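Here come two complexes built around chain A, the first alongside chain B, the second alongside chain C.
And then the complex of A and B:
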C-alpha cells in the first residue's frame, strides 16, 4: 500500500483538487450545451487569463497599470488585421498578436517605467488613450470607428480532426486551456527568481536597486510576460466576438476591468484573478443579460425578476462594478483572498489560544 | 496669420473652462493628496443638472450656475466625508482605483436615470458669434470665458484674503503643521472637495451649451484635467489656471495644424513628454 506521507504522493494530492476542477470544467460542455453558460465560461476564462496577465506586472512588481487595454487592443487588432487584410490564419495570428503586444509593451515600458506611483498610473492611462485615438483617426489602417466585422470563421485541422473556430464550444475549451496556462505561468513567475526580484521592487524600489536588482530590466521582463498574455487575450476575444472597434479594444473600461478582477480576488496572489473572475463575471453576465437565466431554466419564463433587472440594471451593469470597486477598496483592500487568509489566521490564533485539554 | 490668431483665440476661450476644471482638481489634490479620478464625472453631473433645469424649468445655462454650484458643493462634501476621507492614508494606487470606481458609479447611475441618449442644451446663442477685427468670436465661448474669469478671481480672493482660504492653503502646504496651528484640517478637506466639485460643476454648466451631453462625457475631462494639473505643478492653483489656457490653445492649434481628430492625442503625447522631462510641472518645485 502507498503511504500518503510520501513526497510524490503528497505533491500529487496537492494538485488533485485543481486537476479535478479543470477536468470538470472541461467536461462541462458535454453535459450542458446551452449557449448561455458556455458563453459565460468563455468570458470567465478570458477574465482569468487577463487578470493573471495584469497580476504579473501590477500584483508582483507593484506597477499598477490602468492602461493594459493598449496590449489587449494591439493583440486584437494584430490578429484581425492579419486575418482580414492578409488572410493569415488565426493560429499564426495568435503568436503574432503576442509578439506585437510585447513590442508595444517594451516601447511603453521604456517611457513609463521611469515614473512612480500616481504618475505611472496616469502615464499608463494616457498611453492607452493615445493608441485608442490613433486607432480612431487613422482609418485607412484600422477602419476607424467602424472597426472590423469578421464574416467567416476559419477552421483548424488538429491531429486529423477539423475544429471550427466558429463555435462557442471550441472557444470554451481554447479559453479554458489558455486560462490554465496563464495561471501556471503566473505561478511559475512568482516562484522563479524573477518573482522574488519583482516582489523586492514592489516593496521598496530604492532598496531593491541598492541591492543590485536591475529595475528597468526586471520591470520590462514582467511587462513582456504580462503584455504577451494580454495581447493573446485580445486576439482570442476579437475572434470570439467577431467584432473589434477602438473602444472595445482600447477603452478605459477594458483596463479597469483587468484591475478589478485582481482587486476583488486579491492583488499579487496567484489565485486572486481566479477568485475575482469567479465572483465578478457571473454577476456581470447575469446583470447584463438576465434573460439567459430563463433559457437555462434557473428562472421560469417571463420571470418578473428578469424583467426588472433587464429594464433597470442591464443598461448600467458597470454601476455594480463601480460599487464593488469602491466597497472592496474601503473594506477589503487585500481582496477576497486576503480576507480568507485573515480569517484562517484568526481561527488558528484562537485555536492556539484555547486552553489545552486537561491530561 | 488670421488662422493662427483665430486658433489661439478659440483656444484661450476654451482653455478658460479647462482651467476651471483643473483648478478644482488641483485644489482637491493640494489639500488631501488624493488624485480624484471622478473629476470628469463631476463635470458631467454639472452638465446634466444644467440640462435638466433647461428642459424642465427653462433656465438659461448661465443662470443654472447658481443652482449647480451649491448642489455640486454638497455632493462633493458628501463624497469626501463618506468615502474619500477613509482612504487618505491608503496607497495612492488604491485611492486612484477608489475614485475610478466612484466615477463608474456616477456615470452609470446617470445612464440609468437619463439613458445614454445624447442631450443638447440648444439656446438661441449656442452657435452665435460676432466679428472682431476679422476674427470670429463664439458668443457662448466668450460668455463662458468671462464667467470663468469672474469665478477664478473670486476664488483667488477667497483663498488669499479670507481666514478660511488661508486655512485651506495652509493645509495644502503642510497638513500636520496646519493641524498643530489649530486648523481643523478635516473641515478644510471637506471644504476643498466641495469647492473642487462645485468648480467642476460650474465648468459643466458653462460647456453645456456647446457640448453633447451623455453619461460617459466625463472621462475625457478627467484625463485633460490631469494633464492641466501636472503641467501647472500638482497643487498649484495659479499653475492650473495658466496650464488650462495653455492646453486649450495647444488643442486648438493641433486641431488646425495637425488634424481635429488628433487634438487630444497631441495633448497626451505632450503630457508624456512633460512627465519624463519635468514632472514637477511649470510652477512646481517638489517632485512627488
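And then the complex of A and C:
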C-alpha cells in the first residue's frame, strides 16, 4: 500500500495542482475552438513567459530593467530576418533569436551594470530606445518603419505531427509549453546557488561583494537567462502576429508591460508573473475588445454592457492598467502573491493563537 | 612571512589623506587591535585592504599575494573577509539564507551551504533564529549574524569593524569569547573597536591611527602608556 507520508508521494502531491492546471489548459482548445479565447491564451502565455524572464533579472537580482523590449525586439527581428532573407525555418530561428538576444544583452549589461538604482533604470530605457531608433533608421537592414509582413507560414513536423505555424491553436500549445518551461527555469534559478547570489545582490550589493560574490558576472548571468527567454518570446510573437515593426518590437510599452505583469503579481516570486498575467491579460483583452465575449456566448448578442465598454472604456483601456498599478502599489506593494502569502500567514497565526482543544 | 603586510599605504580623498603612509603586518594567529579617534582612517584602511578602495600609494599583501586592484569578491575568496561597521543584513532573506550566501563562496551545492550555515549559526548562537527574516533581528543579533555570515566564507584572516559597537556588556563578552575561541581554532584577526576594555582583553598587539597616520604600535600595555596616544585621545598634556 502506498503511504501518503513517503517523500516521493508527498512531492508528487505537491505538483499535482500545477500539473492538473496545465493539463486542463492544454486540453482547452479541444473543447473551445473559437479564436477569441485561443488568442487570449496565446497573449496570456506570452505574458507569463516574458514576466518570468524579467523576474530573473528584475525580481531576483533587483536590476529593474525597463528596457527589455531590446531583447524582445532583437529576438523578433532575428527570427523574421532569418526567415525573410535567408529562408531559415522559424524552428531554427528560435534558438538563433535567443542567442542574438543574449549577445545584445551581454553588451548592454557590460555597459549599464556599473550603474545602480534609478540610473540603471534610466540607462536601460535609453538603450532600448536607441535600438528602436536604429531599427527605424537603418532601412536597408530592417525595412524601417514599414517593418515586415510575413506572407507564408511554413509548417513543421514534430514527432510525426504537423504543427502549422499558421494556426492559432499551434501557437496556443507552443506558448503554453514555453510559459511552463519559463516558470520552471525561473524556479530552478531561484533554488540554485545563482538564486541566492542574485537575492544577495538585490538586498545589498556591497555586502554581497564582500562575501565573495562577483557582481558583474552574476548580473550578466541573470541577464543572459532573462534575455534568452525574452528573445524567444519576441520571435514567437513575430511568428504569431506575422507582422513586426520597430514600435511593436522595441516599443517602451513592451518593456513596461513586462514590469507591470511582475509588479501586479509579485516581483521576485516565481508565481508572480503567473498571477499578474492572469489578472491583467484577460482584463485588458476584454476591455480592449468586449465584443469577443459575445462571440463565445458569455454575453448575449447586442449586450448593452458590451456597447458601453466598447464606447467608453476600450479607447482608454490603458488607463485601467494605470489604475491597477496604483491600487497594487497602495494596497499590495509586494504584489498579489505577497498579499496572499501575508493573508495565509495571518490566518495561520490566528489559528495558532486560538485556544487549542484540550488533549 | 607575515600573513598580511601593509606597506606605506596611502589613500587620498581629494586633498585629504584618509590613510598616510601606514605600514604594519599581521602574523598568523594574531589578534591585532586597530584603534584611533573618529575619522582616524580605520574603516578606510579596511576598505583598502578588502578591495572597496584602491590604495593610491603603497601596497597590501596577503600570503605574499598583492591585493591592490583586486576586486572584493576575489579577495574574499583568497580567505580575507570583513564585517561592516554599519551592519548590512540581507533584510528580506532569512537568517540562515544570509549565512548560506556566505557559504556559497566555497561550495556550489545548496545542501552543503545549508549545512555549513547551520554550523556557523550554532557557533555564534543564532540557531533558534535561523528561519526568521534577517531584517527583524535586534542589533546584537545582527552583529552575530554578520560574524556567522563572514565565517561561512571560510576566511583565514577576519577584519572585524566594530562588531561590539552598540552591544550591552553581556553581549560584548559573548563576542570576545567567540573571537578568542576562533583564534584558538586557527583564525587571525584585525579588530577595530572603540571599547578599550575589549581591545585590552583580546589584542596581542595594537595599532593606533590618528588623522590617517600610524601613531603607535605595540602591546596593549605599551600603547596606553604612549604619550602620543594619550595626547591624541585626551589632548596635549599641559
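Throughout what follows, the second predicted complex is superposed on the first by the 357 of 359 C-alpha atoms of A that agree within 3 Å, B and C clash if a C-alpha of one lies under 4 Å from a C-alpha of the other, contacts with A are read in each partner's own complex, and residues count from 1 in each chain.
To be clear about the criterion, contacts are C-beta pairs under 8 Å (C-beta built on N, C-alpha and C of every residue); 3 or more make two chains touch, one makes a residue touch a chain.
Fair warning: this is a prediction, and the values are worked out from it, not measured in the lab.
Student: Applying the touch criterion given at the start, work out whether A:126 contacts chain B, chain C, both or neither, answering first, second, both or neither.
Tutor: First partner only.
Student: So, A:329: does it touch chain B (first), chain C (second), both, or neither?
Tutor: first
Student: What is the contact status of A:118 with respect to chain B (first) and chain C (second): first, second, both, or neither?
Tutor: A:118 sits against chain B, while chain C stays out of touch.
Student: Let me test your reading of the model: by the given contact rule, A:252 touches which partner, first (chain B), second (chain C), both or neither?
Tutor: In the superposed model, A:252 contacts chain B only, not chain C.
Student: After the superposition on A, what does A:196 contact: first (chain B), second (chain C), both or neither?
Tutor: In the superposition, A:196 touches chain C alone.
Student: Just checking: does A:286 make contact with chain B only, chain C only, both, or neither of them? Give me first, second, both or neither.
Tutor: Neither partner.
Student: Look at A:211 in the shared chain and tell me whether it touches chain B only, chain C only, both, or neither; answer first, second, both or neither.
Tutor: second
Student: List the residues on chain B that touch chain A in their complex, please.
Tutor: Touch residues, chain B against chain A: 35, 83, 86-87, 90, 92-94, 96-98, 100-109, 111-112, 115-116, 219, 223, 226-227, 230, 259, 261-262, 264-265, 268-269, 271-272, 275-276, 279, 288.
Student: Flag every residue of chain A that touches chain C in the complex, lowest number first.
Tutor: 191-193, 196-197, 199-200, 203-204, 206-215
Student: Within the complex, which stretch of chain C touches chain A?
Tutor: The contact residues of chain C facing chain A are 50, 52, 71-74, 76-77, 81-82, 84, 88-93, 97, 100-102, 104-105, 107-110, 113, 149-150, 153.
Student: Given the complex with chain B, which residues does chain A contribute to the contact?
Tutor: Chain A reaches chain B through residues 64, 66, 111-112, 114-115, 117-119, 121-123, 125-127, 129-130, 133-134, 136-137, 252, 256, 259, 263, 312-313, 315-319, 321-326, 329-330, 333.
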